[in-house]
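Each chain gets a letter, A, B, C and D, in the order it is written, and its residues are counted from 1.
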């Protein structure tokens, strides 16, 4: 049967709004070096490099080629994947497959995005083909706005709850040395005073545009034990896509279609004997592009019942000290280098499993963690990590 | 709007003409910036040396391709060099900085171990040969770009 | 490898200069539908159908961010799994193979599609060049290839006639391939007399703009044998990156290809490729590339590919026919071309290559290339029958 | 006093041009809209649902959908809408652009969901817009869905 796979090296850059001091390959190199140092490996130990990036965001065709040397890909097998928002997790999944298959023993996976290069929102808007109608897309923000409206109407959540999610994210970010936005927010009121981007999404409701990279070293069972004393085992990964049949690109606002998150979570839990997610899993790093989305994602991932997501927030269950911490890193609301964002979710969940998250290490002992990614027309990638298999 | 939509002759299919127009601004980074600033301010071509393999990179880079070391040792290289390969580019495209034909070449500057891709000028097409000696010609008005070198001309 | 991975069905479109009549999803389904009909497979993760898809397309060429959204329905991705690989299509097959060997998938659909006619080739290629030191110079892959051709010909004494022979051979071979875009009878004189684009590369040394798609189904050994009586096995595979900056490379060499080939050969147990391989399908976007890549693949020594083509070894009927399909020069889109090479190799091994059949072919090589001056190479060795 | 380092940025502003094709299925939509002011799409033979956008395969049933063309109603019900407050860069136009007309998800009367614009621009009145009908362009059709200017509130 297939090899078991562990995360044995974790590296990320400090995430920032602008990085004029480095070009794109140099930025990626920072994360790669950090991951190699963490794993105590040399470049020549890497047998395959899988990169993930949305090339239209920076206007670089084949960016993995530009950074071949900096990404340790020079003279090494590998390729680039891109699946929209989920890209950084798709890259990890292919790295996982490469090691699990025995095609290699040590793989490096890299997610990156340098958003100071261009208008990413515009690049996202270019997902819609002019063939289907020009100007009929508002980019991701418009879609999330529709989601937020629907969620408010259905669940009874109020703008205050969205603000509480933002406050939680900021608390985490301020304790995470790598996080981008550290606003030092004090109160819900402060957030409710920020202006609207697209009604009802406020400036502070949405994720920032960040520059950053995240790299993971994955190793087979045979090698992992030799590389590190604290391997984080990749118990499982799953990808579920969804087609926008109905009325919302990020999930169906008519409530008649299953969500990709539900399908992914149910399959992942079933395959891994998880019957009560918030008991069987110790924490989660989820891809929440807006604070509104975070509350409905709790429901889709079955962390709570339908329309109860905002109550988890109200009860402070998902705070760092809470019984089921979600995004102690500050999450996507604080840091969003798109191609790296899902990779960071997995990296941060792995740090929690290792107990190496430092200031933002959660109170609960983390033996099992889940990381999620969101992209495309509501595509979901989930990763289940464990301290021991 | 520049967009034009027309039906394909004989088919129930249409062509939608359009564009993707997103301006991009690339950071040259600390290493790239230093190289470009030296071109602009001092008409100097700078390389970076790997202390492990001794290779001098022009254009400079921050990571050695063989040693993976982080590079920081700057050296000035000559503005004269040798042509490694070239092409007389006759086809035109939307992004060329000057009208074709353009002679592109890879030039290894004296003191450098890698080649710089650039253009050749003040030269007859028949005269261009691999191994010929060339010298950089700088533009009068320089803006910190690789195009601050106007082209390389034959060394008299 | 505990278990082998088999290719159980392939399909390709006829390659065409402008497929305005087909949206990306329509083009992809044109090759997916016959696969479903041939194998009787549907989409299912219950162990009896296609359980995931790997697609291959390029946002830059498609002019659409997340270009795979165009083919989601066609590849059965709803509430299922899909990933998109951004190199030549041969790497999507590599990716699909890893998915099967990982034990996490059984039957994988792989599809690559591209309509070069929709984009401005030079602008797309120029955007792949490092924006700080190369992109502003305004050149494209053709210009870069011309500099590589010049260096290669200079270093090893390869002649323009020898390069032209590649174009003559491949476009002639294409006459036997019903899927080829431009089968033509041309002579060496025609090539050398055609319009100079970027010296030494002339119009007939290049491939035409091309639209098309290619798809295949991969399955683990046990399932493959049930699906078809003629599974073709992936015996060896690898790929490799070269450094990006042209001035850091010796353009007369192709070290990344040497490395990819060495790994693929070692996996397949091949020590003398010229002898042991019966047919090779190589991605030659420009005529000189077939010669240079043959050296990288170890079919001859460095600088000897000119003599190899002069000797007729690589013609139909020769010891190792190269590109019986007509190759990329006869018209395949970027990104699809490497997958087309694998599809052609499969047809050869199944004995279904029609007029372009190499009699008795047992071991085939397929090659795909991505990037400027061959920056990324993929090599795959395929075989039929028992394990080597 | 240490000087702040100067970093160089390199700008690219040229758009990339495309000639997108509608293909056969969307081409049919363009043709019917232009010639007959009609919205059409195809129907899945298995689940019987109308597909939108039309395509050769039903994404849900994962089977060949064929060409069972059906005329769709141009009346529908607004399900959800949103509008841009801040103009955002539109990559297909190459400028900042805030659509004056709110974008809505509209359920057409025979089951399809489409995105289009609403005529009503007043945020106060928008929540009351429920039943809507397409307003077709009189001149210059041949722009696909752009042949519908927007959806107008109707009383029934």
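Criterion: a contact is a pair of C-beta atoms (placed from the backbone, for glycine too) under 8 Å apart; a residue touches a chain by one contact, two chains touch by 3 or more.
For clarity, every value in this text was computed on a predicted model and none was experimentally measured.
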Between A-C and C-D, the pair joined by more C-beta contacts: A-C
Length of the line joining the C-alpha centres of chain C and chain D, rounded to whole Å: 37
Where chain A and chain C are represented by their mean Cα positions, the distance between them in whole Å: 34
Gap in Å, rounded to a whole number, between the CA centres of chain D and chain B: 42
Inter-chain centre distance, chain B versus chain C - centres from mean C-alpha coordinates, in Å: 30
Chain C: positions in contact with at least two other chains: 20-23, 60, 63, 72-73, 77-78, 120, 123-124, 127, 131-132, 135-136, 243
For chain D, residues contacting two or more additional chains: 5, 7, 9-10, 12, 14, 16-24, 26-27, 59-60, 89, 91-93, 144
Two or more partner chains touched - positions in chain B: 3, 8, 11, 13, 15-16, 18, 20, 22-30, 32, 36, 61, 65, 94-95, 145
Category of the chain touch graph - line, ring, star, complete, other: complete
Residue ranges of chain C in contact with chain B within the complex: 20-22, 63, 120, 122-123, 126, 131-140, 142-143, 146-151, 154, 195-201, 243, 245-248, 251
Interfacial residue positions of chain A with respect to chain D in the complex: 20-21, 59, 119, 121-123, 125-126, 129-139, 141-142, 145-146, 149-150, 195-199, 243, 245-248, 253-254
Contacting residues of chain C [partner chain D, same complex]: 19-27, 29, 33, 42-43, 60, 63, 72-74, 76-78, 115, 117-120, 123-124, 127, 131-132, 135-136
Chain D to chain B touching residues, read off their complex: 5-24, 26-28, 30-31, 89, 91-94, 142-144
Residues of chain D that touch chain C when the two form their complex: 10, 12, 14, 16-27, 55-60, 62, 64
